[in-house]
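Next come two complexes, and both contain chain A; in the first it sits with chain B, in the second with chain C.
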Partner chain A sequence: MTSTSLATPENRTASPATMQALATLNDRLAAKPAAHLRVEKLSIAYSTARGPFHAVDDVSFEVKPGTNLGLVGESGCGKSTVIKALIGLQPEGTKVSGQALLDGQEILGLSERALQDVRWTKISLITQSAMNSLDPVYCIGDQICEAIQAHESVSRATAWARAEEMFALVGLPASRLHDFPHQFSGGMRQRTVIAMALALNAGMLLADEPTTALDPIMQSQIMSRIRGIHEHMRRSMILVTHDIAVVAETCENTVVMYAGKVAEKGPTTDVLARPLHPYTMGLQNAFPRLPVKGQPRQALISIPGIVPNLLRPPPGCRFAGRCPFATERCHIEAPAVTAVGAQSAACHYIDRAPEFREAAARPETWRKLGAGA
Partner chain B sequence: MSDLHTSRPAIDPDARPIVEARDLKTHFQGRSGIFSALAGVKPPTAKALDGVDLRIRKSEIVGLVGESGCGKSTLGMSLVRMYQPTDGRILYLDDDITRAEGRRLKDYRRQAQIIFQDPYSSLNPRLTIGQVIEEPLVIHDIGNAAERRERVVRALDLVRIPAVDNIDRYPSDLSGGQRQRVAIARALVLEPTFIVADEPVSMLDVSIQASVLELLDELSRKLGLAILYISHDIATVGYICDHVAVMYLGRIVEEGKAEDILSAPLHPYTQRLMAAIPRMDPGDTAGRAEIRGDVPSPMNVPQGCRFSSRCPYVADLCRAVEPELGQHPAGQRVRCHIYGSEGAKRFPDLQRPEWGRITEVTDAGTLAQASS
Partner chain C sequence: MRAYILRRLAQSVLVIWAVTTIMFFMFRVMPADPTAILLERGLSDEARNALLEQWGLTGSLWDQYVAYLGNLLVGDFGSSFLYRKPVWEVLTPLIINTLWIAVPGLLLGAALGAAIGTAVGWARRGGKLERTGIFLATVIRGVPNFVIGIALLTVFSSTLGWFPGFGMGDPGQNVGFARYFTLDFLHHLALPLIAVIIYFMPENLLLMRSGVVENRTEDYIELVRAKGVSQGRVAWHAARNSMLPLITWLFPALAETIAGIVVIEIVFSWPGVGRELVLAVTRQDYPVAQAAFFLLAVMIVLANLAADLVYGKLDPRVVYK
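Now for the complex of A and B:
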């Protein structure tokens, strides 16, 4: 992986001492184990002029070391809010309760000083808008070096050499470390953000919609990089996306969120093959698929209605207003989480899931409800 | 309401097109700085659209796909005359409107409407839904206040937004899907014959995309609208389009019936574009052919085939001669030397591309040694 580019001034002066320092740094970073994260009863309420907005309500999940967890749901379901709370980026005045244990250490409500020790070294973030997460007035290499030198006492030359390695890992030429963000295309910027997130080999990666603004070819390039890194470096990762197919390809486990709550979670294969919650069924059937020659096309459904206003969350099941199978009970009583094997869902009628799955594949099922909404 | 999985009625291929582009070119002139101007350096030209032929008939939905920066939106905006084409012709019902101005241009714009990607910024937040939809009628000086209101209500009916509840509300009161419907109603209120829908669902949640696609499908059948549906999401194209054209760097590289293109693409670019779409079946990433690098700049179009800098099958012929869009026996038209082309016969001594002979194409788009 050592770069052979001699174009950079750092490399021309890269002394054997620097290479030795880099090897030591690499060994130290590579020794970091993949992180284990357990989130218990996480609730987050933003404070607004009209009272608390319960963006996340009683969410629990676990990321085992070296696995990927997919967090899916529509816009406004609280996915990004969970991520922001985990890395301590929630706006001031936000009420966060519950626990998030990263390798046994509580990471919610840490002081600024304590957060500095956690961010980048133990948990790092791949943001959605790569355009806004890079400083336009510093060259890319300086920004990566800054992050490395803030946490590891190494020389700038060593940090630069590490940055070159990270660039090679995401498939960018080392010479472009001298460029500024505006000289990069959207896909290159996104890869830069991934390189930064990997620079200190954090045990836990949080990827918040890393490919949402990109076209399918760029998305495929970025996701295959992320998958490759996951395979080679065995990091743990939470991948936030609204694209179920990206989760299907990348994540061992899936959490489906709806209106701040976990609707369903479990191994991705189970959740997609046998969804238990009507919301998961709806999301899955709304996803456009490529046709297969000779086979009839599957119908595309749309889920009528919108996510409820979480300033005043409805008393019963939060999906009841849009669910084609909702009964009176669903509107009054909030469903408990029921487990079926490794999979679990918050629905009163979990035992009727096979029957619902069949009905949910038909557009009429969802349309009947849509007529009134 | 129609179901998206039922097949659309066949379009008569000999029917007169509503809108037709013939060798349409839209180039953008870069600005030169004072020093380069003094030195006599010509500013660069971005050839965003560089020779496109396309026809859209009554009740037909034509899908236009390709990566960001391939010229899809430039084609859409040129067709409705938001951009002035540099060369070539646009025919509206056989009437050449490429350089129409004044009254004639205004008349054409009444017939040709466009829907944009972002329903959050395409609606004026200070106007009510009724005023947003009424505005085109005012601009074209159609009817009195009562007649206009009636037309607005009819347009809202068409997009299935209850007029009584919504006509006096503001865009901020509506969800993304509803806003996009309002944008469609605004395009419909002039009773156009041709609509360009530029990524109409890519900003919407997947849960409501289907309802907007369904609406476009229904409108094309009910009102006989000719629709150009622009999207980088190839999977959605399969649900509503009769005909699909794939663009790369300002030109069409493959076109044909939607089902042919989507289930058996021929051009190496289309094949990779399709392979890039994530699949729902877990673990099904095997055999994915990754396309590397970025689209070359339209200011610096490669010699020969435009895809040659990224194509795994590239051979000497591709780098020297641009292939023409040729008819393939499978049904679609494809611009690739692999399928043989007339123009290439003049260069018998150049090495030809063939399936299976994969050459290594580097990330930067430059060509490395052919490995075999």
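Now for the complex of A and C:
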């Protein structure tokens, strides 16, 4: 019944010729360097019936070769939009401006044909909803081989052997390559999508909320798998998540996005230990932390309110409506990005950050705002 | 799998038996006299009764029914009242004639419909190709099929004179099996075949299009695109998944469309089984009509079974129990 007949679990050992071809392929792929990505003034506007929706506005960041950048923010802040645009998957009619240089090559605004050559060879994607990311009518192995054979002129047997290796890397038995997506659990599908993203050892990996659809135990398994692979293969990576704890564990650098803009960015340790932007402070409060002995248990504090409607973005700071420290000026004038060492934030009162941090740790600071709003 | 097929076959036999029974009694309760086609009005009751006896129309309805079923079981459909020949002899050449326009017509209609439907579904939303495709398909689907036939005849036969207007061959040509291999036959075949294709294509096209439109926004299509495969390959993934609903519809529709081809046969005076079926009913030629309906029932039941089996081949999620 299956559409493949190549390797049954019994005769999985590939022929010597295939092994030879696989070794050549592996060497060629392993020689790919980790990519360098520089994103400059990236703006993305979806076209809607009611005018352009400015999902991403003037976003700049850099991913140095072999490093892992965390892109955090709550839902609807434009994180996934950035990822989609980087691999050219924005919906038709979307306006993308700015620059994204991947190893010096502009990857925004490429033709569909030119994109084909960049996709998966230089930049690959671990999708958000692995549950639906696999074609239901093809077996898993076929779908991985399709990616390999689209870019490398190798035989199917060689591609399959490579897929078996990728499966081993994510901890799945090679025999399951013959299975169809519906025979896999959510965690297994997510591993499959990761295996697929690694198949051509692309220099840049985009992981778009790779664990959102999974239960907490599976989330931590998959995240440690991603961390392991990142350390092992040293690819450059952007990890999109709304889980600040994941970023703390995984990423060298962090970009905090709010309502389509960069609120704050910098080395993860700095951003988390000394946040400059009130939104980062609020985001930190909203995640549970393990209690530290001798210190009072930290309360979970949510940020009241919702992300503003980006069909008509507010003129001033986009976080002003939810910020407990906002002044008149915040509502009128958009803040410029101010750097403090390697860290930078878009806030008018960056110099008052220590004072804000103290206040932000108190639940009543945020509650007052919720009552007022 | 095997148990499934056996069970489905058993069910099919039951369905066909039910259809046969209903058909049998329906013809007999209709207030009509089958001898009317052969006997002139006012002929003696004796002659009439002799005919009825010869045709097995005497005795209680129940006895007739039992005899009919018994004959059916050994493949005996009886003799036509009109032609005074065994039904098989009457129908077999007609069935072959019908298959000549039905099989290539339906296959080409389905294949072209699916291919164009994929193209239309994959085209830019609201673009020219999409709008024209949907418009034409909807219009053709709405037009009765005799209009398609008449339009073809008007343009290509009457006005342009490219194709003959009726029948299967010019007079004086080969008859019998050899005629199917003459250019003359193909010349006559062209217009009715095109009519069947045009008649069957729009529904395939629209179904395939809506499937592709639905599938192209699925997450898995996005991942296929992200993999950097060719545009055609991406569209193929959407088309491959859209075939599933199409197949469910296609096979039963095939059988129903064969029944619908009767109109095309009449418009083009094509000596097919559909045309004969209509004539047999109006003539009260029970054996021919019953045999033709029996064949249609068998075809529809088998087509449904085939649809289920093909579906399982196409969709790995289907499990036969």
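Here is the rule we go by: the second predicted complex is superposed on the first by the 355 of 373 C-alpha atoms of A that agree within 3 Å, B and C clash if a C-alpha of one lies under 4 Å from a C-alpha of the other, contacts with A are read in each partner's own complex, and residues count from 1 in each chain.
Keep this in mind: a contact is a pair of C-beta atoms (placed from the backbone, for glycine too) under 8 Å apart; a residue touches a chain by one contact, two chains touch by 3 or more.
Values in this document were obtained by computation on a predicted structure and should not be read as measured data.
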Looking at the combined model built on chain A, do chain B and chain C fit side by side or clash? fit
Rounding in steps of 10 degrees, give the angle chain B-chain A-chain C taken between C-alpha centres. 80
Return the chain, chain B or chain C, that is in touch with more residues of chain A. B
Is A:134 contacted by the first partner chain B, the second partner chain C, both or neither? second
Return first, second, both or neither, reflecting whether A:341 touches chain B, chain C, both chains, or no partner chain. neither
What is the contact status of A:104 with respect to chain B (first) and chain C (second): first, second, both, or neither? neither
May I ask you to decide whether A:116 touches chain B, chain C, both, or neither, giving the answer as first, second, both or neither? second
A:249 contacts which: chain B (first), chain C (second), both, neither? first
Identify the partner contact of A:193: answer first if only chain B is touched, second if only chain C is, both if each is, neither if none is. second
Which superposed partner A:286 touches (first chain B, second chain C, both, neither): first
State whether A:16 touches chain B only (first), chain C only (second), both chains, or neither. neither
Measuring by CA atoms in the overlay, how small does the chain B-chain C distance get, in Å? 5
Applying the document's contact rule, which stretches of chain B touch chain A when the two form their complex? 1, 3-5, 67-68, 175-176, 205-211, 213-214, 232-236, 238-239, 259, 262-264, 272-285, 288, 290-292, 294, 363-364
Sort out for me which residues of chain A touch chain C in the complex. 1-2, 87, 89, 92, 112, 115-121, 124-125, 127, 129, 132-137, 139, 146-147, 150-151, 180, 182, 193, 196
Contact footprint of chain B on chain A as seen in their complex: 74-75, 171, 173, 185-188, 214-221, 223-224, 227, 242-246, 248-249, 268-269, 272, 282-284, 286-293, 296-304, 306, 363, 367, 370
For chain C, which residues are in contact with chain A within the complex? 124-125, 218-220, 222-231, 233, 237, 240-241, 244, 312-317
